[in-house]
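You will see subunit A twice below: alongside subunit B first, and alongside subunit C after that.
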Partner chain A sequence: MSRPRSQAEYLARLVPPSVAGLNRRSLLAGAAATGALLGTGALAGCGDSDSGSGGDAKSVSLGSNQSDPKPKDVIAKVMDGFKTSSGVTVNVNTVDHNTFQENINNYLQGKPDDVFTWFAGYRMRFFAAKGLAGDLSDVWAKLDGYSDAFKKASTGDDGKQYFVPASYYPWAVFYRKSVWQQRGYQVPTTLDQLTTLGAQMKKDGLNPIAFADKDGWPAMGTFDILNLRINGYQFHVDLMAGKEAWTSDKVKKVFDTWAGLLPLHQPDALGRTWQEAAQSLQQKKSGMYLLGLFVGQQFSGADLEDLDFFTFPEVDSTIGAKALDAPIDGYMMARKPKSKDAATKLLTYLGSKDAANVTVKNDPSTLVANSGADTASYTALQKKAAELVGSATEIAQFLDRDTRPDFASTVMIPALQQFIKNPKDISGMLTSVENQKKSIFTS
Partner chain B sequence: MSTAVSPGRRRPVRPARVVLHVFLGTVAVGWLFPLLWAVLTSFRSYQYTAVHGYVSFGGWTIDNYVTAWQTAEFGKHFLNSVYITVPAVLLTLFLASCVAFVIARFSWRLNIALLGLFTAANLLPQQSLLIPLFRMFTEIPLPAWMSDSELLYDSYWGLILVNVTFQCGFCVFVLSNYMKALPHELYEAAMVDGASVWRQYWQVTMPLCRPALAALATLEVTWIYNEFFWATVLMRSGDKFPVTSSLNNLRGQFFTDNNLVSAGSVLVAIPTLVIFFLLQKQFVRGLTLGASKG
Partner chain C sequence: MSDLPLIHADRAVPPPAATTATGGGRGRRLRLLSGTDRVVITLMVLVPLLLVLGLVWLPAGATVLLSGTNWDGIGPIGEIDWVGLKNYDDVVHNYPPFVPAVQNNLLWLAALFVVATPFGMFLAVLLDKELRGSRFYQTALYLPVVLSLALVGFIWQLIYSRDQGLLNGVFGGETDWYGDPNVNIWAVLVAAGWRHVGYIMLLYLAGLKGVDPSLREAAAVDGSSETSTFFRVVFPVMRPINIIVLVVTVIESLRAFDLVWVINKGRNGLELISALVTQNVVGEASRIGFGSALATIMLAVSLIFITIYLWTVMREDKR
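Right after this comes the complex of A and B.
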């Protein structure tokens, strides 16, 4: 073999055959070999430590969105209860609430945990209809202590149950008893009374209705309750499911009524978070506030005991004031759990009154769905809330749970914020909502 | 001012210079303001700022840091970030330097095309590949000892792979340009001494590339560490999230304590700052070396 005469010639001789005689097959073979090498040897050091769990019926996994410290702790205690009663260990996979919610599509289509936390309503039916959740009819056969409203909220479009309710909280108008006593205010039962009361509060130097919509969702509560009062539950559900037109006179009436109430609301709501609005109630600057029971998180000690509520007053006497928003949180099963037996056992336990009792004992900010639970330790506020929901004829789940998530976040949030900014152009806003609804619901 | 100018006869201050300094000052303040504001906020209690507003003074506490560390379980998640970042950076640099070496040192027909391919991949928006990648990852099995998910999905391996793939393009681009600037004579000498291609790569090229590698390592550590999109969509176990994704743990369901989130963000930002300050010299040297060819 002759000596190379130039650098180029020398280097050319050194090129390995797989590159020099570049053909597709050898390149692929090389790539495959490299891949195999990397996959097996080079990085073997960083495999997951807790491998090999699951598979047998001795353990079951639970995907949980309860990432706040308090509810997380409650989940852990409930799972301890399950372990003592059944001997099956639960591996809890906690993902923060917002990420869990935003990722649910990926999560369910990937490899979800056997059992996972989720919401009742359209959001549940949506995934059940897509075949991404397991049928729980046989679990429901073993459950007792649930009212028909709860069973209805757990049932998918095909009439089977896909959901086990655990806890819920109602939306209502909150106020401070001391302020109302001092000024002699009476709980309004009709819209007219509410308007008169609001005018009186304004005269007394209070914000009649605290209001905030910086995050986009709190105003949905106001829309929901007005629509339920003016057009009734069935229309609300159909509207949310995309079956009714947003441009109809019925919806217009809701916004007209709301526009009439807006002067009683705290101004500049778009720059305020609900916490700030709740604090204005707590600091006795506002007279009342329509929000969920979680408003109590901004109150403590004696202030919390001073907190009371009433359900939103009647607008149309033929509709009444018996329907309300009470979002239900609970559990669902993956379509193909690793161990169906263990998952069913866990869900049956989660729906039992034993699990509810553990929750009651450990979390005073929520209401348990099982009526058989021992609720003696409820606070006065919790008791009243439970009675309110118990007497409700229909329970809605809140706008963003009752409709497609993309519709709620990309269409309704901006639309409601636009309405709050400019309540005059109702028909323009509704036409735009209707157009976007058509494109979203047909996709 | 330089020492050559005597104190009595300073150069007159030109208006252009004043404008320049005012501009630089404004930009610097504008740049630093959000950071400093976050640091300031992180040291104040929520109760105080809720009552007095953020434009106030008082309510100092370090509780936010303690709470943030505990509730978001930063200890565990920092470790997860290390599991992902360290192998990903090492592998990226190794693979990229191999490709760069071939592109820079051998002339064959597809040289430019190959470099173009790697660079072009850089311009592709990563998010557009989400759905195909997600589908692939849920179909590719891994043995149980590698990941308890038994899939590429929800494993550190998957994340390392994604990061390596997306970062390689940029590294190849930088390294190949750097290697092209290395003197030919070195390789001729190596050749005369009978060094193999591997030896030329590993013992001649790589030591000379150290500044460029250090600069790239700094950048890559920051980028991969800060990456949180892929971790959020390609993982399902909260326990395996890297620290950036676990920052969301500080957001409550209904209630977000901004002071607490500030404290968490400052904690998460510290490692990147440390890396930058430690490797600052190499970083600047690596970027400017080769700028003036000797």
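Right after this comes the complex of A and C.
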């Protein structure tokens, strides 16, 4: 749920919380709660369990980035559950979320905890390929309740699993039911319908699509979904991996389509934060908003119940509208855990529906990844979000989690902002991106 | 400068001092410096020297070295690949934010130098007149300097926000102060200048208080006007302070960073070299080689100013 974990988050580390915005924080906290469950003990690195793999370890360490009080508490509860079921104590090392992410390279090369919190996507596969993460194939043999999409998202380049998913949040187009009922709007299922609807909203005095990109990452969501709709999931993966050219006609088509939609977007997006854009939706000034489920942070009470969403409409009928961005948070294992046996046990528990149930019970702001969990206490919005992701054929992790972080932050953010500023010079912008990509990916 | 007396003290000791080194205290005690003194002096020289080497020159040298590599922060040092000047080539030819960053840094320097610094000096001169309530004005003007830059950024965010900000709220405009790349650099310069003025004002005021009043009296007796007294008497006398103010202005504009970082991480019209270095090096991005190349460029530019400064100061000392 807490989208800021990626791009914005790590760049925002230097910004004090007072400035960073309370709303996002609280979202993070919710997300952190789930994450906390996953990531409690990694930082310890204290050598209390020195038995080799297979030993009868009495403790295991978990490095957690869930530093907000609520998620931290949820992690503690999940770890209690693990202790009850296995008799193994978990030493949780909680580190500030931003610090954790900033130091991940050094952390994994030093003495990491046996198990640690992380995200699915390129960065997970990257650490796996570098030999900095442990193979979890045997854990996955014992897990059930996960769709193939989750398994795919947990698999490294070598076909083995390196990740246990815990929670996630989908990206979709959010709107207020009351506004749509009052005006008689219908959920669009094709791009044409979306364009027509947008034109109607404009006539009715609304911003059709709320939009903000001051922090650089929200526009990645728009690019991702258009790319997934126009070129499909595999192309997204290859493009993010640097295998496809940014100057190709396929990518151009994405930006051409986007340029066609830009007049429907809220103007002057580069000076606006996502919170402000979300508030324009909440204040009924905007008709819809493409964002992650965490948009709900800006809504409360009756407004929150009024919030609904639909998946981004189909653009190409041969591609369909079944793929989406749904970043997943979860756990990984260190390359050389002090006690592989205990770490495996912990990861198996973290992937079980028991752990998911503890999370659901203690943190209502989260979607748990295990479909076997008891989700009766979900809100209507949570239930619908879970169904949406459950029916997805492929799940992408978001641009900045699916590609090299250096490429995402130092190339894509300026490029997308350049496009929003000047949508006319698409090929010039893409040529620059391609040149920089070549330099970065070959280095 | 403080070590000058030491040098003299050293020279005062005749070479035969060597004989006392092993004398165990029986030899002639002509030394000006006792054994304890020498230990203290050695420590006083060594400790700062090691600190400077370890904390300044070693990292600076490492930065220059790393700028020739493509290191991503992962793996042993032995595996770092040398790529020569590729990073510099990329910075100049293949990195769109670089040119705007250089322009913005220069603009920053010009704005502080031409507007903010003279204005701060002007305010100092006014406040030096012992106006009524000058304490209050001093405090008010200096307050922005005391506030952390993150807080300053936040205050101006409240003023500049397009949809919810004070400026657009009061004047009913639709200007996208922080988002429009043609406008935002000026908006930020106002915020930076606001802070810089207070800083310069205080520095200069301290200098003015130190000017011998008899100089002014003498000038007044000679029938000099207020203006010419300032420009022909006070200003030249304040040369050391003027140099400090100049250096502070240059340093402030080279290291400008916090405000743009708080606003939008130094993107979209607010590129600054320091922000680009941070974007590339800090955090997950870990483009350490490339970021080091940017940092090295910044170091080279800073060295130019530092050299000029030191040269001026040393020439001053010789006189």
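We take it that the second predicted complex is superposed on the first by the 386 of 443 C-alpha atoms of A that agree within 3 Å, B and C clash if a C-alpha of one lies under 4 Å from a C-alpha of the other, contacts with A are read in each partner's own complex, and residues count from 1 in each chain.
The rule we apply is simple: contacts are C-beta pairs under 8 Å (C-beta built on N, C-alpha and C of every residue); 3 or more make two chains touch, one makes a residue touch a chain.
Since the model is a prediction, treat every value here as computed from it, not as a measurement.
Trainee: When the two structures are overlaid on chain A, which partner does A:Gln109 contact: first (subunit B), second (subunit C), both, or neither?
Mentor: both
Trainee: Return first, second, both or neither, reflecting whether A:Ile440 touches subunit B, subunit C, both chains, or no partner chain.
Mentor: So A:Ile440 only meets subunit C here.
Trainee: Return first, second, both or neither, reflecting whether A:Ala376 touches subunit B, subunit C, both chains, or no partner chain.
Mentor: In the superposed model, A:Ala376 contacts neither subunit B nor subunit C.
Trainee: For A:Gln275 in the superposed arrangement: first (subunit B), second (subunit C), both or neither?
Mentor: It touches subunit B, and subunit C stays clear.
Trainee: Looking at A:Thr99, would you say it contacts subunit B, subunit C, both, or neither? Reply first, second, both or neither.
Mentor: Touch partner of A:Thr99: subunit B, not subunit C.
Trainee: After the superposition on A, what does A:Ala302 contact: first (subunit B), second (subunit C), both or neither?
Mentor: neither
Trainee: Name the residues of subunit A shared by its contacts with subunit B and its contacts with subunit C.
Mentor: On subunit A, the residues that contact subunit B in one structure and subunit C in the other are 10-12, 14-16, 19, 106, 109.
Trainee: In their complex, what parts of subunit B are in touch with subunit A?
Mentor: Touch residues, subunit B against subunit A: 50, 71, 83, 87, 91, 102, 105-108, 110, 134, 138, 144-149, 151, 153-157, 160, 184, 187-188, 191, 196-197, 232-233, 236-241, 245-246, 248-249, 251-255.
Trainee: With touch defined as at the start, can you tell me which subunit C residues reach subunit A in the complex?
Mentor: 70, 72-75, 83, 86, 90, 94-97, 148, 150-151, 153-154, 157, 161-164, 174, 176-181, 184, 261-262, 264-265, 267-268, 278-280, 282-287, 289-290
Trainee: Okay, in this complex, where on subunit A does subunit B touch?
Mentor: Its residues touching subunit B are 4, 7-8, 10-12, 14-16, 19, 22, 38-39, 43-44, 46-48, 50-54, 63, 67-69, 71, 93-99, 103, 106-107, 109-113, 274-275, 279, 292, 294, 297-298.
Trainee: If we count contacts the way the header does, which residues on subunit A are in touch with subunit C in the complex?
Mentor: Where subunit A meets subunit C, its residues are 10-16, 18-19, 101-102, 104-106, 109, 123, 130, 132, 214-216, 268-272, 276, 280, 405-406, 408-410, 413-415, 417-418, 421, 432, 435-436, 439-440, 443.
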